[in-house]
Every structure is written in C-alpha cells, then in structure tokens.
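A quick write-up on the structure given underneath.
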Amino acid sequence: MPLVLDLFGVFFFGVSGSLLAARRGFDIVGSLLLAGLTGIGGGIIRDVILGQTPTAFANPFYFIPPVLAALLVFFLAPGVQRMMRPLLVFDAAGLALFCITGTIKALESGMNPFASALLGVTSAVGGGLLRDVVANKTPELFNPRDIYAVPAMLGAGLIAGFWGMGLTGGAWQLAVAGVVFLLRLLALTFHWHVPRAVGPWHRDATLN
Amino acid sequence: MPLVLDLFGVFFFGVSGSLLAARRGFDIVGSLLLAGLTGIGGGIIRDVILGQTPTAFANPFYFIPPVLAALLVFFLAPGVQRMMRPLLVFDAAGLALFCITGTIKALESGMNPFASALLGVTSAVGGGLLRDVVANKTPELFNPRDIYAVPAMLGAGLIAGFWGMGLTGGAWQLAVAGVVFLLRLLALTFHWHVPRAVGPWHRDATLN
Amino acid sequence: MPLVLDLFGVFFFGVSGSLLAARRGFDIVGSLLLAGLTGIGGGIIRDVILGQTPTAFANPFYFIPPVLAALLVFFLAPGVQRMMRPLLVFDAAGLALFCITGTIKALESGMNPFASALLGVTSAVGGGLLRDVVANKTPELFNPRDIYAVPAMLGAGLIAGFWGMGLTGGAWQLAVAGVVFLLRLLALTFHWHVPRAVGPWHRDATLN
C-alpha cells in the first residue's frame, strides 16, 4: 500500500515535469527524463544523504510512472492543462505523502528530529526544485505568491515532534498528512502567502 | 586500458566544458572547473548513488584531462571550434563508453537491470547536464533538434539485457559500444530527432 | 571551538543566500531555504562524496545560523547591504576555514592528497555555487573580474602538501588559513583577476 501511494506521488510530480518539458519545447525523451527527475529526484537526494540505495533504484516499478506521465502529456497536453486544478490537488497529496514518509524514513535511520524534518521537506520539495533548475527556470519553490514549503515544513516538524513523544502510530501520521494536504489546498484557494525576504519598511531600498 | 579509455572520455567531455566557459566569458579557472565537472560529474553521480567512493577521487590521474582541456581551449580556442566536427566524434565515443561502463559498474554492484541501465545513462549524460546547469543554460540534453540520450538509453538497455542472458563477455560490450557510437554519429549526420513532448495535433494549444 | 567557527562560516555564507533571495524578490521562507543551502551545501557535497552523514544533519545547531541570516536580512536588509564590505571579510574567513577543514576531513578519511584538496575547494565554493544555480543566476564563482576559487585552491593544496610531509599541526593549518584569508582580501581590494578562458590573441574569434 505505501508503495502504491508512493508511485502515485511519483506520477503526479512526473506530470508536472512533462508539462514543463512541453512548455519549453523539449522532445518526448526530454519529457520522460524531466518526469523521472521530478518524480524520484527528491527521494534520491534523501536516500543519498541517508547513505542508502535510493528506493527508486531498488524497485523497477518506479520506472512506470514517468513513462505514463510523458505519454499522458504527449497525447493529452491541453486536456492535462485544463485539469491543472485537479492535478494540483494530487500534487498536494504527493507533497503531504513525501514529507511524511521522508521524515519517518530519516527518523528510522537514526537521524535527529531536526535533521529528519529537514530531510522530509527535502524529499517533498526536492524533485520540483531539480525540475526547475534543470529546465533553467527560477524554481516555483521560491514563488512569493504561493506557499509550498510551509505546509511540508509544518508536517515534517509535527511528525518529528510526535516521534519524540512516542506517538509513532499510523493514525497520527495519517492525521498529519491530512493537515498538510488541507493547508496546501487552502493556500492554493485563498492565495495564502508569507512576507517577502525583506521587511516592507525596506522595500524601496535598492539591493544589488 | 579501460582507465586510459575513461581518461580520454573525461578529456573530450572536458573540452566541451572549457569551450562553454570560453563562450560565456569565464576565466581560465572557471574553464578548468567546468571542464572537470563535465568530465567527471556523470561518474560522481553514478558512484554516489551506488554508495561508492567516486572513481575520480580514488585516482589522481583524473586531474590531468581537465587541465589539458582548459589549456587546449586557452591556446587554441578557434582551432578547437573549427574541430567541433571531429570533437563530436570523440564526444560520441565518450558517450558510448560511459553508458556501457556505467551500466556494467551498476550491474556488478548488484543493482537490478532497469536501475543499472538508468545509472549507465546518467553516467553518460550527467556531466553534460551539470555543465549546462552550472553555466545557467538550458541543457543540450533537452535540445529537440538532436538525439543524445536515445543511443545511450539503447546501449545501456542492451548491456543490461545481455547481462540478464548471461552474455557478459567483452565482445558483446564492444559490439554495443560500437552500435551506440554509430547511432550517435548517424543522428548527428542526418539530424535525426524524436517527436516533441506534445503530440503535433496539440501543437497550437497554449500551454502555460 | 571548531564547531563555533564552522557555525560562523555557515552564518556568513547564509547571509549571502538571504541577500540574493531579497534581490530576486523571494519570500522569507525562500530566504531561509537559500540561506541554509548556501551555508551547509558545500559541506553536504563533501560528506556525501566521502560516504559520511553530512555534519549539518548530525548536529541541530546548524539550523540556527540560516534562521539568523534570514531574520537579519528581513529586518536590516539595506544596512546589511551597506555592510557588504565587512561581510566580504567574513565570507573570506568562511572560505579560508571551509577549504582547510574540508581538506583535512578528506585526508583523515583516507583520500589521496589531490582528491582531498579538490574536496576542500568543493566545500569552500560549493555552497555559493548551489546558491546561484538554484536562484537561476550565472555563478559568482565564474565571475572573471574576481578570483574566488584560487585562494581556496592554493590553501587546500598547501594543506594536502603539508600533510604529505607530516606537518599536521594546528599551527600549520592556522598559517594556511591566514594566507587564504589574506589573499582573498588582497584580491578584493586590488581587483586581482586571472586570464579569460580564451587566450587574448583569440579574443576576437567568434565562438558559438
């Protein structure tokens, strides 16, 4: 069951990679490569830092979602675009899932709670970051009109905190995943954002 | 002998790094760093994922090719440019070599055939990808007017398939390297390319 | 004591990340993420290549400097800008520190002197490289009007050479750190630079 969930996460992140490839005029092979990098990139960074063989390299099933994502965009790109709204819902589910599973994997590997939460966030946002960096685009992660990392940070922090209190049951984890998912959807719906890197009182100062 | 071949691969990839540094107006130290990253970057990613010490860090000989590449471009840049055609031949040789040795190294480390082929492709295209990403340029890998990853994917897949059938002799590997090399040269000569990420029937749809 | 010095290095590198986030209009979370990546990125690359758990993940104290850097820029950005001169002094101290500690850590892990010096340079310049790559900017490292990598290369090479001669005392390391620090400050003051990637006699040739 966790594998199936994980594969769905890889697929929905992968679709965002293939859509970016389409927008940038890449070919179908570039679409496949970008889908794969987006889907499994975050988990690879997590596992390399943990000193483990990346999950995606241990299980050939992980090759299927990027292929499906590239084919879907090839045959149905505008339809996929029109479905961006539902897709963002699935992306939010992937974000919620990856930040929780990433944090738990790090905790189980003996990392301290702070490092585990950081690795959980890295798992969740790393694939999208690699996608944008490799496509030579300022990362969506830094888009100031949206919050993307904040729900993942909160979720990863909660999981690490609960773990410290001995609350390691699946029910707690599911509850946190629900909170992350909901927060992300609310942020999308109500355009929640956080302050800029510079306080408003300094907005006019020239920085160079 | 494999070490000598590998060093040649690092050198020819390195020249592409130094040429890009020249085009972007970087200094000679930037040229050296970019040559090194292009030459050994793909192997470093492969070895880090395999959990091994990167080959280039285990053998100081790997420091020589990037130095030679940077010096060559410094003293002979326009001549090197005029030689782009022959250089692309050597780059094709590097591509063929790195995708085969990368796949075999992963298979020998106990990776499954799919993951091994993926790591072989990563070894072959990773250095050039890092080169372009670090120089803030849309990667050549995604250039839709050319196929670069496809011969490497085919070669890595064949090696992994032969391995599964017990055909692990050097003759098979040499034959596959020859096929990858030839395919890449034919693709260059006849401007072979694959379809875009979006099917032609959707080409006019606006994606954003 | 080395931990405290290291945390100062992470902080001053982190400030450069937050300042870049401010300039690019990122939000406060992006500022924090970029500060963290700049401060601990070089060390993470070093430790992943060494096959060790990254220091920053083993010690929660490393989370404090990026938070302080992001807050400092949020509340005092123009003042921080006006202090760029003194900040560059601290950045030079971070560069000196990271290239020496990185080289020593690699030598202690059994790497050969060449690889150790390369890893020391990677520790010193890797965070700034990741900062610029992730913010979609041509890396400062390749800025031909300045030398940044050269003092680090010299320092890392000296440390590796002294190690080979059995001179592993703290006094030697301190002396080399001083040399790197001074060279970097002199380079800043007198606008030292090295030749371009292409020799001056070829400057007019068109490269493409």
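In order of appearance the chains are A, B and C, and numbering begins at 1 in each one.
Simple rule for what comes next: a residue touches a chain if its C-beta (ideal position, glycine included) is under 8 Å from a C-beta of that chain, and two chains touch if they have at least 3 such contacts.
All figures in this text were calculated on a predicted structure; none of them were measured in a lab.
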### Message
chain A and chain B share one sequence, so how far apart are they rotationally when you fit their Cα atoms? Give it in degrees, rounded to a multiple of 5.
### Response
120
### Interface sides of chain A and chain C: same vs different residues, half threshold
different
### Summary
Distance in whole angstrom between the CA centres of chain A and chain C is 28
### Task
Return the residues of chain B touching two or more other chains; collapse runs of consecutive numbers into ranges.
48, 51, 133, 136
### Task
Write out the stretch or stretches of chain B touching chain C in their complex.
18-19, 21-31, 33-34, 44, 48, 51-54, 56-58, 60, 63, 70, 73-78, 81, 133-136
#### Entry: chain A residues within the chain C interface of the complex
48-51, 111-115, 118-119, 129, 132-133, 136-139, 141-142, 144, 147, 149-150, 153, 193-199, 202, 205, 207-208
